[in-house]
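Should a chain be cited, it is by its letter among A, B, C, D, E and F, assigned in written order, with residues numbered from 1 in that chain.
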Amino acid sequence: MATVSREDFSCAAATNESAYRRVTVPVLKIEAGPGPAVALMAGVHGDEWEGQAAILDLWHHLPGILQRGTVYLLPAVNAEASLAGTRLSPSDGGNLNRAFLGQPARGYTESVAAALEARLLPRIQALVDVHSGGASLRYLPSSVITRYGDDPYDARLPGLARAFGLPQCIYFRGSEAGSMPAAASRHGVLRLSAEIGGGRETSGSLVERCRDGLLGCLGELGLLPGRPLPRNPEIRLYDLDAPAATLRAREPGVFIPGVELGQSVAAHQRIGQMIEPARPDTPARALVSPQAGTVVCLRAIARSSDGDCLFQIAPALPLDSLSSRY
Amino acid sequence: MATVSREDFSCAAATNESAYRRVTVPVLKIEAGPGPAVALMAGVHGDEWEGQAAILDLWHHLPGILQRGTVYLLPAVNAEASLAGTRLSPSDGGNLNRAFLGQPARGYTESVAAALEARLLPRIQALVDVHSGGASLRYLPSSVITRYGDDPYDARLPGLARAFGLPQCIYFRGSEAGSMPAAASRHGVLRLSAEIGGGRETSGSLVERCRDGLLGCLGELGLLPGRPLPRNPEIRLYDLDAPAATLRAREPGVFIPGVELGQSVAAHQRIGQMIEPARPDTPARALVSPQAGTVVCLRAIARSSDGDCLFQIAPALPLDSLSSRY
Amino acid sequence: MATVSREDFSCAAATNESAYRRVTVPVLKIEAGPGPAVALMAGVHGDEWEGQAAILDLWHHLPGILQRGTVYLLPAVNAEASLAGTRLSPSDGGNLNRAFLGQPARGYTESVAAALEARLLPRIQALVDVHSGGASLRYLPSSVITRYGDDPYDARLPGLARAFGLPQCIYFRGSEAGSMPAAASRHGVLRLSAEIGGGRETSGSLVERCRDGLLGCLGELGLLPGRPLPRNPEIRLYDLDAPAATLRAREPGVFIPGVELGQSVAAHQRIGQMIEPARPDTPARALVSPQAGTVVCLRAIARSSDGDCLFQIAPALPLDSLSSRY
Amino acid sequence: MATVSREDFSCAAATNESAYRRVTVPVLKIEAGPGPAVALMAGVHGDEWEGQAAILDLWHHLPGILQRGTVYLLPAVNAEASLAGTRLSPSDGGNLNRAFLGQPARGYTESVAAALEARLLPRIQALVDVHSGGASLRYLPSSVITRYGDDPYDARLPGLARAFGLPQCIYFRGSEAGSMPAAASRHGVLRLSAEIGGGRETSGSLVERCRDGLLGCLGELGLLPGRPLPRNPEIRLYDLDAPAATLRAREPGVFIPGVELGQSVAAHQRIGQMIEPARPDTPARALVSPQAGTVVCLRAIARSSDGDCLFQIAPALPLDSLSSRY
Amino acid sequence: MATVSREDFSCAAATNESAYRRVTVPVLKIEAGPGPAVALMAGVHGDEWEGQAAILDLWHHLPGILQRGTVYLLPAVNAEASLAGTRLSPSDGGNLNRAFLGQPARGYTESVAAALEARLLPRIQALVDVHSGGASLRYLPSSVITRYGDDPYDARLPGLARAFGLPQCIYFRGSEAGSMPAAASRHGVLRLSAEIGGGRETSGSLVERCRDGLLGCLGELGLLPGRPLPRNPEIRLYDLDAPAATLRAREPGVFIPGVELGQSVAAHQRIGQMIEPARPDTPARALVSPQAGTVVCLRAIARSSDGDCLFQIAPALPLDSLSSRY
Amino acid sequence: MATVSREDFSCAAATNESAYRRVTVPVLKIEAGPGPAVALMAGVHGDEWEGQAAILDLWHHLPGILQRGTVYLLPAVNAEASLAGTRLSPSDGGNLNRAFLGQPARGYTESVAAALEARLLPRIQALVDVHSGGASLRYLPSSVITRYGDDPYDARLPGLARAFGLPQCIYFRGSEAGSMPAAASRHGVLRLSAEIGGGRETSGSLVERCRDGLLGCLGELGLLPGRPLPRNPEIRLYDLDAPAATLRAREPGVFIPGVELGQSVAAHQRIGQMIEPARPDTPARALVSPQAGTVVCLRAIARSSDGDCLFQIAPALPLDSLSSRY
């Protein structure tokens, strides 16, 4: 029923072995009549797999079920990083989520950002941009809301988060220059994100939860009118912007967490340790929770060094408290 | 009560930046009177953390509780790889578990093997050598028995495996030249191993299970006479030597397992898929179970390539069936 | 008779091993009285050898024969890349042909571009900037015309191309921000380029054709009045800007071209294949010509991956048709 | 008519990212009744493509035409290097053509050699092992004869070379320890080789010549009785073992050959030069032919350094003179 | 007596192994009542150790002796490079001393510069920023004055240089865009620097001279009223901006200096040679002094290549001559 | 008067970029009639420059002054490492001083060792093999005696050490398998070594001392009968084999030595510290002398890690005490 067309674009990424190399970013446009234009996107960081697999699944199945509006599917928006399985782009080391600088593009990563600003963001009203912990972190599956002020469409964010169907929602104040949410905000595009799983691995069940969440969002946005909406009545909100939410390693060592994702901890509770098995004379260093709350994020790599994020912990708030935050 | 002494040794590992560099392998000798000499060892592969953390814990606590015999603790036997967090030795790329060649040592890794053959193996009667899935694999926590024939001490292996306390036991025929079990066999040393967890991460609870297992083995071997033995009555044995036990990737892609560690699967059941989100025209490739059984081992990295081990699956056997195997 | 002076300049390219390192770009200024100032340049990409060798030859011989005007010789304008034999600058990975950004220079490559914009482009009226296929491509020897609009000096380009003496001429619309032709256009400098040979190798005969072409251009520009001009009456023009001119690899494999440079092919003709000898179960993928025309450019590396340019193919047009193109 | 079976084998090649990684070497066994067993092999060096593509072609077509005997096809015997496109194995830097050491295998490359010595060489009577110039050299298409003394089967080598059908034949005394020809000689296996093309590229026509040569050899060996033999009556023999046959670079520079493959040169003739475009004050260094003869091999990379082979030049001899050589 | 507080800041430096990695730059603020605010800083290049060690020493001892004003201590301002022991930042290859571009920060190095411009420079009146030869150079211990014009506070520079207590002072015209001195000048901050020692090593005595110099500067600036000032009456000034002051290598080779730091040489005196022991036919190349003067700086690495700074040599001038220079 | 001939040899060192690459080791044979055959050698480690420069100097001057016997000069015996400026061979990471294994050569480094055992050691009676601290260490200029037992020619070692003319002499028991001294001992070749300077740099005056020492040895061995012998009457002997002679780093940090080469220290005297400027909360770690004696060797790199040699310190003994040592 829906009309399908490819809108792939490509960006130059020359190497010494390939003078005119271009990386193709696959894009599928699915048109099903009147209604808003929405982009579903994953792979801003190439090592975040849940969203990539879920959107690839929709690439094959959404054309058969979309009822209204237009959907752009971008399963691997940083295609070069996805093919390499890395957070950053291999050809220039760029972080696509810091490359929306609004300046002449230097290199491949900024070219992808520029193409999205020129071709995609002006054509859509809403964007769901799925992230994950990637190679180095592991998240409690959560939707993510980033606010840049008191924009009119912000009022729609709690509903969209509920439609995504995960029992947790993370809140960030938009503050990183050059980020994808900043670009969406500049273009007046309603944007929800998510953090689902992580580590270098994923699983079929996490991919399914992600796909269901994306379908839920399309339903909430009016593109799947007949589909029942998964309304999670009790979403817990975690404000991860507070400096106390993040515990970082302060020196090299092997990270042994003593708690699990989703566990509740007290302030100053011992939640793990840093050890060094090859130097048994080095005392183990205890890690204590910087504040009371739930473990929302955990480092997925034991061998760590100073500055690495080990834990993100925040108290659970009602989702309604979002309206008072910015 | 026990006497403690350091028996560290070091091996040359010169680099362009350090002409006389030596890597120190920490060893603690704990003597508690008559009784067998036993080594507890981890870090043959530097990225396998459970045993390293558990033996580091015993480094501090075992001297206070050991009652008989002698224990050598080697928490990070490939210390260079442990400090780097890698399976292989950074200085020469060597795999310590293939370096027991009985030839003049070339480079650091073979020097460590030679030192163990010269200094440790002749002095002990038993060895527990803890492994794990490491960075690339994830194991159902299991003890591991490797047999090199019908040695008299093999009869003691089921008891040792029961004392380790894990509900699973993996069986291998000893076949890899230059391995640590081959060296132990040459020296007539009774050896149990284990595969506990994996991925690049670990957790406090896995470390505790490993430490309890090591203490159980010491008890079984008679060094902790007062300690109650954790006798797991129903250990399931998995023979992972059968070629059908291992499913490997046949081409590059992103591995999405559809089953979990410990799950039972039928032969030819679909158990996952390989996808390529950045190339949506590439068909997903279904992965089917090569035989009926339990998922004992799973690749911990989504981005995979041909030859990577994705699954190990084997039917559960009674532990007693071990006696008929070699 | 001509006056010779060195106008070398250098650009900072510090490394961890050399704090004040500067790369010197050799420049020879040859003055022979009144007449236009012309620069002959090669090595914008360090792995393109024909022009570099030809201009090095002129470095020794042109002072003895130049009769009018001023010539600047830059045999290796990206000297660092030339010494490394790479397309991109080793110190910062930059592509000099994308570094004319008109912004404060970040790093060595942009510094070279800035120096050329400050020191060379304001002093010349014409520029011949020789390229080649470099390590990864192989071109049918061709002059190259890039147009940025309908500039008055564009009318002189066909004559200059004829004077270069090669039977082929490639046409590009100027579209790449930061390129050398864009910078020349900004400075009102008449510019001809060429693509001669390629692969990682070259030959004495290609170098001679390039040197003769450069002398032909100087003759056409009035600097060698006595020298007979090599006027090629039948230059074929190839428009390589059309998307259909370029065939790229769509997945990894070994590229086996079935046609040769200069060969005429029909649209949809089978012109090669991608194979994978180590995976004989992978079907070979046939490559078909995207349009009818002549094979003007061919990838010089068998092992290829998605996005690599494999062929450039375009129909031959009369050179006069250039005037109607932009 | 012929019976086909897979005889793939695999060798361990663990990395930090893949603990149990094995590289599969594809082998096809084609049985067509009584007659000798012959192996056709390519990819000892992973960057030599003509033989790999030709044997892959036979993989699909030979089963339909083989009439007698048994053929083993190994299109990519160093499968890891073929997939990487490199001469040496990526995992351990090994050169498979120096890995037949008859000692316990250290690492992947020696494991492949050991598997060939254990599984293939004892089962065959003849071997055609196709090489090429690879990434760094370019050869005049030639068969290659290596002699290890005055073996009885040596008398069959000229006939086999004629059957391969190329107008040139290269002669080497077998002298490199650990080489494939040395292993074949130890096992009493008649062995012909070839050097066809090179550079990092190849072409369909070179692949065809290689495939035809392999079929010619099978015919000469009696496996294709009905097929007419391509008997080249005037094969020229080139002895490349004489030290004077090889001219090497003596210092870094850019290599500009002044002659072409197949060209005849006089002794001390100027045949090229080494230049340095980025340092125009460095004098060009003339290269002169070390002896009179034909240019049989040429370096395929302009940027060179001391010790690199630039030319192989030898006088043409009648093929019959082979009998007097060892 | 003085009040101490931490003013550490951190900058994002994500890698593929650590998504949210931040590098912390340690800052100590010591307040001792009224008086100017002064920053003491080292480690702009991570491999320059004298200042880093001296300021780390003051970190522990200055709070006990500071009498007036406010001091900010930044012992390792490019903390990432200090931990790696490199001149440039490991994560992005940036040179912090060229990163003060006043543009939106791209990457870690520019983020550190931006943080210093936002947080430190507006709060201080004076800055002593200690450098050294780093890994590749060795300096005669010298204070350094960089002038950007005829600023009013320039008159205080000779006094500050005398207070630093070293017998040599180097003069530079400020010319490098994006440098720390340029940023200080933009903010109206009086700035003295120093070049003390170098090579990859340092010594306790050089560290002490640096610490005494820093205390001398604080005294001169009025923050240590009771402390006697080390007034060196006869400081020699060296203008290293003259092109003739620097001798660079012109080709690869092994650098053998024939003179020592601090030695006086005549113009055109032979002061060393470049040799190539592995190529004894290559003639040694004599190095001659470009002008008469004192050897102020010497390359600390024998193996060198073109563009590497080998010597800086300048005639000694009276410090008073500084006033006439810009 | 003396006859000069080149005896260069070359060893295969293929790379992916150069299939037949061979590294040439330059050797000059100088014959001046009857008398012993002596080799002077440097560059076993490519980053040790004093001996390389001194022997290169003798290459040009010794033929004019040699009066008796035969001298082989090998200025850069690991030519590949010398050209790279590294201790270890770049192509295979080998340490030439551990490559004399008497087994079939694997790779370039063992090939050089094999060639020396086959071609050089059988032809000479004495060898002076000059070493240095190399990139990572700095030595008090010393001759070096390594003993493998009570060989008859050992009695000549003190005289040879005196003839070398340096005031210090280091003593080692020969214990490293595969070393150059072990190979010399196997061949019955009298061998003296030296350790002169170090760091990545050298100086003309150190080179001269080395050259004079080599001439002194030739005099002592009877090849320069007319030349006065530099007999240093009071050479101090340092036994560096005692474990207490070497102090190593035990953890990462920046090494600040508090003493200088040649300085006398007491046992347990504080001789330096390890600090970490970027982590000011990490306490400095004091380094104390492991025994009383003279500082004979010092690490030349501040940034250090566990296992790096920081100091070698030993008490001065009379040279005559050597006879009682083995």
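Everything below uses one rule, namely that a residue touches a chain if its C-beta (ideal position, glycine included) is under 8 Å from a C-beta of that chain, and two chains touch if they have at least 3 such contacts.
Quantities reported herein were computed from a predicted structural model and do not represent experimental measurements.
What chains do chain D and chain E have as common neighbours?
Touches both chain D and chain E: C, F.
If every chain is reduced to the average of its C-alpha atoms, which one ends up farthest from chain D?
Farthest from chain D by mean C-alpha position: E.
Centroid of chain A to centroid of chain E, CA atoms only: how many Å?
43
CA centre of chain A versus CA centre of chain B: separation in Å?
For chain A versus chain B, the centre distance works out to 36 Å.
Can you compute the centre-to-centre distance for chain B and chain C, using the mean CA position of each chain? Integer Å is fine.
Distance between chain centres: 58 Å.
Going through chain D residue by residue, note those that touch at least 2 other chains and give them in order.
Within chain D, residues 47, 83, 106, 279, 301, 306 contact more than one other chain.
Assign the assembly's chain-to-chain touch graph to one of these shapes: line, ring, star, complete, other.
other
Using the touch rule from the top of the page, what pairs of chains touch, sorted by label?
A-B, A-C, A-E, A-F, B-C, B-D, B-F, C-D, C-E, D-E, D-F, E-F
Would you tell me which residues of chain F are touching chain B in their complex?
Its residues touching chain B are 45, 47, 86-88, 93, 95, 101, 103, 106, 133-137, 177-178, 246, 248, 301, 304-309.
Name, in rising order, each residue of chain C that touches chain E in their complex.
It comes out as residues 10, 13-24, 83, 92, 104-106.
Residues of chain D touching chain C in their complex?
25-26, 28, 42-43, 47, 49, 52-53, 55-56, 59, 75-76, 79, 82-85, 138, 199-204, 207, 254-260, 272-273, 275-280, 284, 299-303
Within the complex, which stretch of chain A touches chain F?
250-252, 279, 282, 306
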